[in-house]
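Common to both upcoming complexes is chain A, partnered first by chain B, then by chain C.
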Partner chain A sequence: MDRRTFNRNMAVIGTAAALSPFGIARAQAQKLKVGVILPRSGYLGFIGQSCQKGADLALEVIKEMLGVDIELMNADFESNVDTARTRAERLIQEGANVLVGPFDSGAAAAIAQVAEQRGVPFVINIAAAPQITEQGYKFVFRNFQTAGDIVRNGLDLIGELFQATNTVPRTAVYMHVNDTFGQAMTKGISAMLPSRTQLPFKVVDTISYDPAAKDLTVEVSKAKSANADFLLLVCRLNDAIILRREMVKQRWQPMGIVSPGSPGMYEEQYFKTLGKLSEYSISNVPWYNPKAKLTQVVEKAFKKHNPKDNLVFHGLNAGFTFEAILIAADAFKRAKSTDPKTLADAIRQTNITEKMTLGAPIKFNAKGQVEGIGSACVQNLNLLPTVVLPKDAATAKPVFPVPGYKKA
Partner chain B sequence: MKRSPVLLAVLAALLVLLPLLVGNYALSVATLILYFAYTGQAWNVMMGFAGQLSLGHAVYVGVGAYAAGSLFFHYGIGPWAGVCLAIALCVALGLVIGFLAFRFRISGVYFALLTIAFAEFTRIGFDHLDWTGGPGGMFLRVAQRDTWDLANFRGPPLMYYYAMLALAAGAFALCAWLLRSRAGYYWQAIREDEEAAQALGINTFRWKLLAVAISAAMTAVAGVFFAFYYNNLFPEQIFHISRSIEIILGPVIGGVGTLFGPVLGATVLTLLSDGITEALAAVGWEIPGIKQVFYGVVLLAVVMFLPNGIWPALARRLRL
Partner chain C sequence: MPALDLVANVVVSGILTGLVYGLMALGLSVIFGVVRVVNFAHGEMMTLAMYAATVLFAAFKLDPFLAMLPVAAAFFVFGYALQAGFINPFITRPEHSQFMLLVAVAIILVNAMLMIFGPDARNVQVDYQLDSYELGPILIDKGRLFAAAAAVIAASGLFAFFRYTLTGKAIRACADNYLGARVVGLHVKHLYALTFGLGAVCVAIAGCAMVLLVDVTPPLGPAYTLLAFVIVIVGGLGSMGGALLGGVLIGVSEALAGLFIAPSAKSMFSFGLLILVLLLRPQGLLGRRA
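This part shows the complex of A and B:
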């Protein structure tokens, strides 16, 4: 080696040594970039915006909890599965370390493929199709119940409701909205109900109706004539409002209206439109624990961000979106890196005991699915959706049979 | 030297080299543009060439997707056999729709309504068909591969891009040939004045059916691509009327009945959609739905000031 070569090599080594601390500083990222991909416009826009509220408050709550800095990269996929795919690509290209979203199973499946292909962790906030976590993905995680779990938990809570109120309804009339969701729920109920021995009732009639129906006179009249003890209902928002009004109009007063796992009756618009007629309707859905310590913190932050709004009307959407970001932040804190593989490995080791939603601690199984997520029996009391079961999370006692609407 | 072939050659070279020039995001947008250019071209055969307005073209995408998807899902049979089945089923379906409509002289708006009706009841049918997953959807098993597995149509996004590019180029060539064939001239005669075409001895029933069959077959192939690109199918999404509208928007904006119209329309619409998103993000407007308002305003402007589409005006200006 001549002197010139030696000097050149030493210069290279010296430069590398001098720059190495900067290299280390780059590897230990200070901030986690979370790509939040939600349907903030289009037909799912209302729900997407509700989820966004959970993401917005996550920054300060998580900073306080874990000391982790998060940068949100928001993307609206416009309720369109094609757009979901391209937005996911965009977020990853712009440097998102982890993706969170998207409330819709079709979009979730499309984003999952992009995330897997690019090797970027994807934490699903809400999407119930079980197949998403059955594909053998290594970067896809879900902290939400699958469709089967929602029905199973919803039916089990009906049994608990009867037990808690010492009632034994013998018959039910089952009404459901005749769309993709309604039919999927109906299949689940038909498959699981016969094996639920704790549910003593028999379904005497099944009535389906159009989700865009403007009038449910005939359907309600038919349901009333079945003379069943209570109404088992799978609905959405608008039809739930029309149906409740029609029940009052026809003076049909069953022991109660119980949903084994559908939206509609706990939503703000239901209360605003129906006023006192919204009282006592029951929905068994994945929900947050109002008594959890974290809920109090989130509630406070929610109020600060949305002074005119109430967390209880966004509980499911905001709660699970917040938790999805919490999962990512918790993994980032342990991994001390934004390297996707390290981050995914850290997510796989998640064990969050202090959580907001009901159920077991957040732990992922080998497929990337959290097991043991709980549902709540949510009854409309004093114009608010109120948890009445399970007992340890309840803030009021369930009312069943419900009083007549005139007494409401 | 004519400018059109030169323009075409430049465009083809650019599209072939595109993956070398852009990132993954742009590649996924380009794949989407090519998909809509292809399906728009397929729709154009029926409406642009033969004058038969279909507002239910999503039915062919859906049936094609489910046909190939089901073969793969249940029997592990790859998409090449699936594409044959998809084409056969969609041609049969198109012929049934066409036969019913043309035999009973249903035309214009009523024909369009019939196509919507078929798309709708096919959707409802698939919602109740457990074999294809019903409303819960069908999820094809995804295998992440960096190598191209053409037999099973599995591979990286680059493979899907080139597959879609080949399909779009093939559809363009086929349509160019069709437009200059006897069928093309007969279709244009039927489109302009069906009674006059009949008076000249053209069997309008037969030639209209041919247009429907070719259009359905081409769209079926797009369905197979859709199934293997997205790997999940939901009746509510794939048969929805909004999908049919998405298919026709490209050729309508680009220029109905022209060869470049569907390509230009799909490009303008997709880039406009993403461009508006970017522009709004740049100015910091995070108002949900505002993009759709801008999008609608721009579309309205195009329809008002360029009622024949962008391509005819552009071609005149470029003297093509």
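This part shows the complex of A and C:
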């Protein structure tokens, strides 16, 4: 090779190299790569898989709604916070334009740090720890209630429940799982309950229990002996099942079981394991609006992807995961770019009025938090979690006091 | 101060659960008392028995009490083979080698169960599971009562076997004097394997009974191994009566601690009891001084 040929070749390579970023940018602008980080295995595996169903159906629904092409890059963080951090790093290295996930506050905090350091937008589907959006992050956004909002809305819905059913329970026994979530909820309830004048009941006993409890005989005996009108419960799934069974064994039939905002009693596994005993349990939680137009569209897509399954058992998980991807896609459509900063700016300007979940339109405040997300009073009726309040979203009337379990 | 009927209910429940715990720990105590090997895979074996009961229930609607027969038979073979094939060669080796061998067995069992059954909780749903007997102000959970009865029957059978049968007496001879037993011509290694098999039978029966009280997941194993250790140390390592007594004591103390102090702190009390026994009576309540 002579000097001239060498120089000519180098000039061609140099020009190609200089132009290639534009080429990449052009190619990326046609498709949004969404890194979906969920706990699809480990102790949160059940819920992670439920969230994944919302992500899977998002592709076609969003393509139809916005005409935007999305590529999902799925990652399982195995219910482990450290793994969540490394999965987020890897997704960004592999070209994810935006991250979505992860159902867990600990993992969300870890992913938020990575997203902020690498300057990649992160849209949280479900995680309630308030501090995640209190750090002054520029790339972290959350379309879910904080723990404080969950408790506030949950307690307000208890008041609405009593009003709707013309009941005035005077006493409650409060049982809660003794983990970070349970303690945060207890703190919130203790702080907010005294100021809720529409709630006429007094908490006569508070009983905490081990989240890994295998037997709740003593706890239920103690709660039963408090002779309270109803059970106020902050639980998770397995303990909720054990507790319900133990209540039946000990023939304890309070006016009802009401959760002011915890998982467990609306999960599919609760129904599968308990059968008719799952009936009438009440959970006041962030939920989807069964009457919303978008819900009908999502429900259709869900049925297509999961013919043997029912969206109602995945409403919270799939609904908020779908919306997180919708937020990213909507921003991408407006930004017309996958540049992380442009995308983050576009997410900040989001205003989605046509949404699936309850509450105000999706708009982020300066901290990256959506305000005004609504909760529903979800009661287990006919072996399905059913919205009974607020009235405009309800598909059935609330039942309280609940019939005895033998009549269930 | 809790009402008397509440205390009575909690104590009865603690005794019944404690008896099942006791049977589980009895297996550990028997194996240690004779073979002088500490079975670190004990809880994992019990979890395996619980899974076996759920599988038989799901496949054949076999009640866990009927499932005790095939599960116990399978566990006897498993225990015998484990001792004859793996543990016997380790009998004369240093204790840390035995320890590592059984820890390895435990880890393999937990991971195998995770691979086969997954991480989700499983249970059996028999007709009487949610029923209870009413005895004045005391409610006795049927499943718990039957489980405790099975534990008492199995423990009595084991006591009788060791006391009245020639093989039982031969096993006791091995436990008392290893060299003497060999001198009089006893086939010690076979008797050791037999003992491990019997210990596994205890675990199998306890597992089938326990599945009526708690849902089973693979990580349950290490927790039960620890619980079995606490019970046999409180009752006296190697003492059969001590294991049952230890089980009842732990069951009742946990229940009462949950009632009088805080339910979420109840397991703290079994360990408190353990420290107390170690300080005041290191050989355990019914154990013999070394």
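One rule holds in what follows: the second predicted complex is superposed on the first by the 381 of 408 C-alpha atoms of A that agree within 3 Å, B and C clash if a C-alpha of one lies under 4 Å from a C-alpha of the other, contacts with A are read in each partner's own complex, and residues count from 1 in each chain.
As a working rule, a contact is a pair of C-beta atoms (placed from the backbone, for glycine too) under 8 Å apart; a residue touches a chain by one contact, two chains touch by 3 or more.
These numbers come from a predicted model, not from an experiment.
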Should the pairing of chain B and chain C on chain A count as a clash or a fit in the superposition? fit
Partner chain in contact with A:Arg245 - chain B first, chain C second, else both or neither: second
Touch count on chain A, higher of chain B and chain C: B
Taking the superposition on A as described, I'd like to know which of chain B and chain C A:Ala110 touches: first, second, both or neither. first
Applying the document's definition of touch, where does A:Gly45 land relative to chain B and chain C: first, second, both, or neither? both
If we overlay the two complexes on their shared chain A, which of chain B and chain C does A:Glu64 touch? Say first, second, both or neither. neither
Chain B versus chain C as contact partner of A:Asp76, first or second or both or neither: first
Of the two partner chains, chain B (first) and chain C (second), which one does A:Asp215 touch, if any: first, second, both, or neither? second
Touching A:Glu354, do we find chain B (first), chain C (second), both, or neither? neither
Minimum Cα separation, chain B versus chain C, post-superposition (Å)? 7
Based on the A-chain superposition described above, do chain B and chain C contact any of the same residues on chain A, and if so which? 41-42, 45
Residues of chain A that touch chain C when the two form their complex: 41-43, 45-46, 178, 207-210, 213-219, 221-222, 225, 238, 241-242, 245, 248-251, 269, 273, 277
Along chain B, where are the residues that touch chain A in the complex? 23-25, 27-29, 32, 127-128, 134-137, 139, 141-142, 144, 156-157, 230-232, 234-237, 273-274, 277, 286, 288-289, 291-292
Touching chain B in the complex: which residues of chain A? 40-42, 45, 48-49, 74, 76, 78, 81-83, 85-86, 89-90, 92-93, 105-106, 109-110, 113-114, 116-118, 129, 131-132, 134-137, 147, 179-181, 183-184, 187
Provide the residue numbers of chain C that touch chain A in the complex, in ascending order. 2-3, 6, 9-10, 13, 17, 119-121, 123, 129-132, 139, 141, 213-215, 220, 254-255, 258-259, 262-264, 266-267
